Amino acid sequence: IMGAFSHAEPLGLGETATEEQIAGWDIDIRPDGKGLPEGRGTIEAGEALYEERCATCHGLFGEGEGRWPVLAGGQGTLKDERPTKTVGSYWPYASTLYDYIRRAMPFTAPRSLSDQQVYDVTAYVLYLNEIVEEDFVLTKESLAGIEMPNKDNFFVDPRPDVKNTRCMDKCADPKKLMIAGTLKGITPVGHFVEGADAPAASHDAQMEKEREE
Amino acid sequence: IMGAFSHAEPLGLGETATEEQIAGWDIDIRPDGKGLPEGRGTIEAGEALYEERCATCHGLFGEGEGRWPVLAGGQGTLKDERPTKTVGSYWPYASTLYDYIRRAMPFTAPRSLSDQQVYDVTAYVLYLNEIVEEDFVLTKESLAGIEMPNKDNFFVDPRPDVKNTRCMDKCADPKKLMIAGTLKGITPVGHFVEGADAPAASHDAQMEKEREE
Amino acid sequence: ATTFAGRSISAEINPANLPPNEPAWGKQLGHGVVEQPYGLPSTFEKQVVRRTVPWLTADSIASISMTPLQDLKGIITPNGLVFERYHGGVPQINPDEHRLILHGLVERPLIFTMEDLMRFPSVSEIKFIECPANGGMEWKGAQMEALQFTHGMLSCCEWTGVPLRVLLEEAGVKPEGKWILAEGADGAHMSRSIPLEKALEDTLVVYAQNGEMLRPEQGYPLRLLNPGWEGNTSIKWLRRLEVGDQPWYHREETSKYTDLMPDGRARKFTFVQETNSVITSPCPEKPLVKPGFVEIEGLAWSGRGKIKHVDISFDGGVSWVPAKLKGLVLDKALTRFSLVTKWTGQPWLLQSRSVDETGYVQPTLSQLREVRGGNSIYHKNSIHTWKVAPTGEVTNVQIT
Amino acid sequence: ATTFAGRSISAEINPANLPPNEPAWGKQLGHGVVEQPYGLPSTFEKQVVRRTVPWLTADSIASISMTPLQDLKGIITPNGLVFERYHGGVPQINPDEHRLILHGLVERPLIFTMEDLMRFPSVSEIKFIECPANGGMEWKGAQMEALQFTHGMLSCCEWTGVPLRVLLEEAGVKPEGKWILAEGADGAHMSRSIPLEKALEDTLVVYAQNGEMLRPEQGYPLRLLNPGWEGNTSIKWLRRLEVGDQPWYHREETSKYTDLMPDGRARKFTFVQETNSVITSPCPEKPLVKPGFVEIEGLAWSGRGKIKHVDISFDGGVSWVPAKLKGLVLDKALTRFSLVTKWTGQPWLLQSRSVDETGYVQPTLSQLREVRGGNSIYHKNSIHTWKVAPTGEVTNVQIT
């Protein structure tokens, strides 16, 4: 009869992952360039690819079509009332761009680009952001060397950053309370209040609604 | 400003239920006859009604058609290997019969009988069980007076009625263990083992299965 | 594709979806938000459903279906899988037209809308509900080759509602009041007599389960919940509560839900679900598949309070090892237990034995049968045995 | 029929279904068992669904939907209503073809099938998950006239899985290992860097929610769960964990999920969801309908542990009364609070303020804005105000 035992020893569940298995899925890139495959990205090749596969959503110059994300511009806006956060204005590392395009773009066909294509289009998006010049060649080595404009402006979470107290009485001067109401017409409707020009509560219903109007 | 208060006083939720509202829903009957409406049930009227509305399921003599419940007979079987529990053999009070028919029978049309009809058919089911004679008239008063054969044989739950101990070792003689397996062919299938003549795991699928065979 | 342990094992696993390859779902977009405003399980989980035993009842309308305990984790039963038990089918009740009347020996007879009831201060409690017939097919011998059928008349949810005590205070119970008749609005107009003592202790009038409104099968829009008591007393589609001075002896507390003893006499008002437990992994539906490390898991519960201990035997009850209680150990709720061990192909006669906080120890089958014979139908809470074969196959056996 | 408080109020309540009459559903049989092998809510609860704010995102595939907190009871969110957030749509993954690879700075790189993972000793824990953008539309002003949209990126389930620590022990982390990259199998291949410290503390690799297998929208068949941390770190459709010596600075921890401060600098790795609370009844969707007794109810939670106190203000924060914590008060789980009072038509400026077990007090909006400005998008946990009009109508206002 087998009793209970405590499992200090490995449980022996799962198998050893082979190098080959790992290689296919190990797609991540780090700021120091770790993870980058071989390749040479050029602005020229990147431009062609970008215009074919990216521009419909992100705009010819990275300015964004409709509500799709803006990729370029916005430098110097981070303190504005409405900042424009882009690769060039906000991102701290160029490696993130290669990594993200490789894992997720183009949106409708993730993982459809070759490593070389990702080099090309990454180079081009950097170029659109005026981070590299027209003749720049993006490689394993050159990518890790790129200094992004906003790189020094990230710092580790310092929270808790505010200190409220558990005041129970006379915690504020009732006469000085400023009360601001809600923006009208932007809360999705169709379920609890009748709303005239407010959006519906799903993308489909909203498109339907707009077609009808 | 209104603070919190503890609710010793009634909360004032809900409304007073009127006598009329209550009367329509207050359908229960008790052994002492409380709850019984006016009426006179006869075996003759009950027989006609029973044969029209009850016999297809419960059988002409209360013997039960197919797997529908048996209503009569079974006296003296309660200590048998397979007891037959019926109104006559098992039920302690006649009031339960009036109450149950009134609330739930006929199965497919609950609450379709008038109070008078319930008197008639209740009288007849008692007659089928040889609890009353052919000329018996069931009324508010006579019903509470009926003595059911098994009435003295119910007693209040005496549990805990067994006392196991938390023995940890040598709790039984391994040589004396009797191990009995499972009856084959009656566990519903279609989900985890292939079974030949076992039932399916829903009534519909089982009927389907039987039609196919 | 063959079936095994409740899931079809596709003979063909597509290597194109295994590493180093990028699987199909990594190369395309899936569906968007609110495509399912109310979500459903994966289509790959089709086998995780309630099931019934058709030969138990004449038809499906006064019948029962069981929860697939073999597939469940933790202690919460998802609402879609809570076992069903009813006597007149599931009524479709318009909640705006549903009413609860509270009357009888009270100062102020009251009628409540759902809105009224939901304005009362609410309480939420995780409690099991078990049909007292759970396991009842096995009084005379092992019959069911599946955990779902031996123990599946059992579920555990977070229930929200109003303590019945609060409603009774609102109406004012007269001193003669001792029992309460609870009655449903369904075609069966199910009724049970509940002692006032229980009502004042912990009975709830419930409108929600696991955060959302009750499911139709569980009494939408309103049900009673008598924690720890036989499920049948927790009247669904509750529409009436009458306070009286004595019990009603209705069909569901005389003809049914009384426990026939070998001497021909019968126990009445056998309310409590005494402590019970069962090993859920392995079980017939989830055999052992490989030698090596194995976690024996199971569920224990008691209608008298919290679970205190669970022990496990590998040899049919000769020797026992304490299991660990995992996660929350709550009053009258399912409690999960666990024991990690190794299996190298040796045969096992696996049992679990629970002890609740009153010190009551789950009995053996012989002990129960000795007192109760084989015809009491309800409240079979004896120690259950799974036989594990050297192949890993698990079957239901009885040891006496 | 008009609509009010989320439910259509049938102008016509059929008196034939009210007492003293026997309602339609009492005169007929309902449907039988296993008619719905996997059950669904009543058709009368159609309005209780997830909803989205279409203008927030370019399309529904990289988007979010919110949980209808206004309709929920207790602390468990039923699986069908757990909020959705994803970046590449919901992949349909065959669990037999799903794999988890654990590699990097480990002694033994491992690959697991779902079966392997489910053989590990499991743990089940009730934890909230909140999107750090919850409430984020309201940094600059009140925008959303509904609780579902102001606070609905929040759910709480019983999750079952394996502590990540156990998997890491199985692989053997090398001394240089300090961070873990978690990555999804969906089209977005969502990735986040998790400090090893958290992984060893309480991160789970989860395959079940509320008793059943994960829903597709919540990562079926496998996800990460970082209790108390921003939901985005709890990678869904988890397929890869790589141990490294530094963080990866991927898109979801640079471009997104960093908090921009007024000085143009940004906070990174803002993992914790600090304590937050909201009154769920009344709320814009559930106005006060009648004068008289009323239970103010709400939810409080903290990514740093248990809730210790919740206070309620009726006057916009001038004075406060302690509320009662109801039911289970669990670590990093939703906690329900309650205060019973009377409403006679007086206007209210209702607020709730939570305090967690670290002593941290939920801040005012002014306090948060003072430090963080109006562009930090995430982690808006300030005290929320509902304005109750003499009509009972509830609107969303901001007090500074």
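Observations
For clarity, chains are labelled A, B, C and D in written order, and residue numbers in each chain start from 1.
Keep in mind that, in the parts below, a contact is a pair of C-beta atoms (placed from the backbone, for glycine too) under 8 Å apart; a residue touches a chain by one contact, two chains touch by 3 or more.
Everything numeric in this text was worked out from a predicted model, so none of it was measured.
The chain pair with more C-beta contacts between its two chains, of B-D and A-D, is A-D.
Chain B and chain D have CA centres that are 46 Å apart. Chain A and chain D have CA centres that are 22 Å apart. Taking each chain's centre as the average of its CA atoms, chain A and chain B sit 65 Å apart.
Here the CA centre of chain C is 28 Å from the CA centre of chain D.
Of all residues in chain B, those that touch two or more other chains are 7, 11, 13, 17, 21-22, 25, 107, 110-111, 201-204. Residues of chain C in contact with at least two other chains: 18-19, 26-29, 32-34, 37, 49, 51-52, 59-61, 63, 88, 101, 111, 119-121, 187, 189, 293, 315, 319, 321, 340.
Because contacts link the chains in a way that matches no line, ring, star or complete pattern, their graph is best described as other. All chain pairs that count as touching, in label order, are A-C, A-D, B-C, B-D, C-D.
Across the interface of their complex, chain A is touched by residues 18-22, 26-29, 32-34, 37, 292-293, 314-315, 319, 321, 323, 339-344, 346 of chain C. In the complex of the two chains, the chain C residues touching chain B come out as 3-6, 47, 49, 51-55, 57-63, 87-88, 101-103, 108-113, 116-117, 119-121, 141-146, 149, 169-170, 172, 181, 183, 187-189, 191, 239-240, 242, 244, 246, 248-251, 254-255, 258-260, 262-272, 274, 284-285, 309, 311, 315-321, 349, 353, 355, 360-364, 367-368, 370-372, 374-375, 379, 385, 387, 395-400.
Chain D makes touch with chain C in their complex at residues 9-10, 13-14, 17-19, 23, 25-45, 48-52, 59-61, 63-65, 71-82, 84-86, 88-97, 99, 101, 111, 115, 119-126, 158-160, 185-187, 189, 207-208, 210-217, 220-221, 237, 289-290, 293-295, 297, 326-328, 336, 338, 340. Residue ranges of chain A in contact with chain D, taken from their complex: 7, 10-11, 13-18, 21-22, 25-32, 57, 66-69, 78-79, 81-83, 85, 87, 90-93, 95-96, 99-100, 103-104, 107, 110-111, 153-174, 177-183, 186-188, 191-194, 199-204, 206. Taken in their complex, chain B has these residues touching chain D: 1-7, 11-13, 17, 20-25, 107-112, 201-204.
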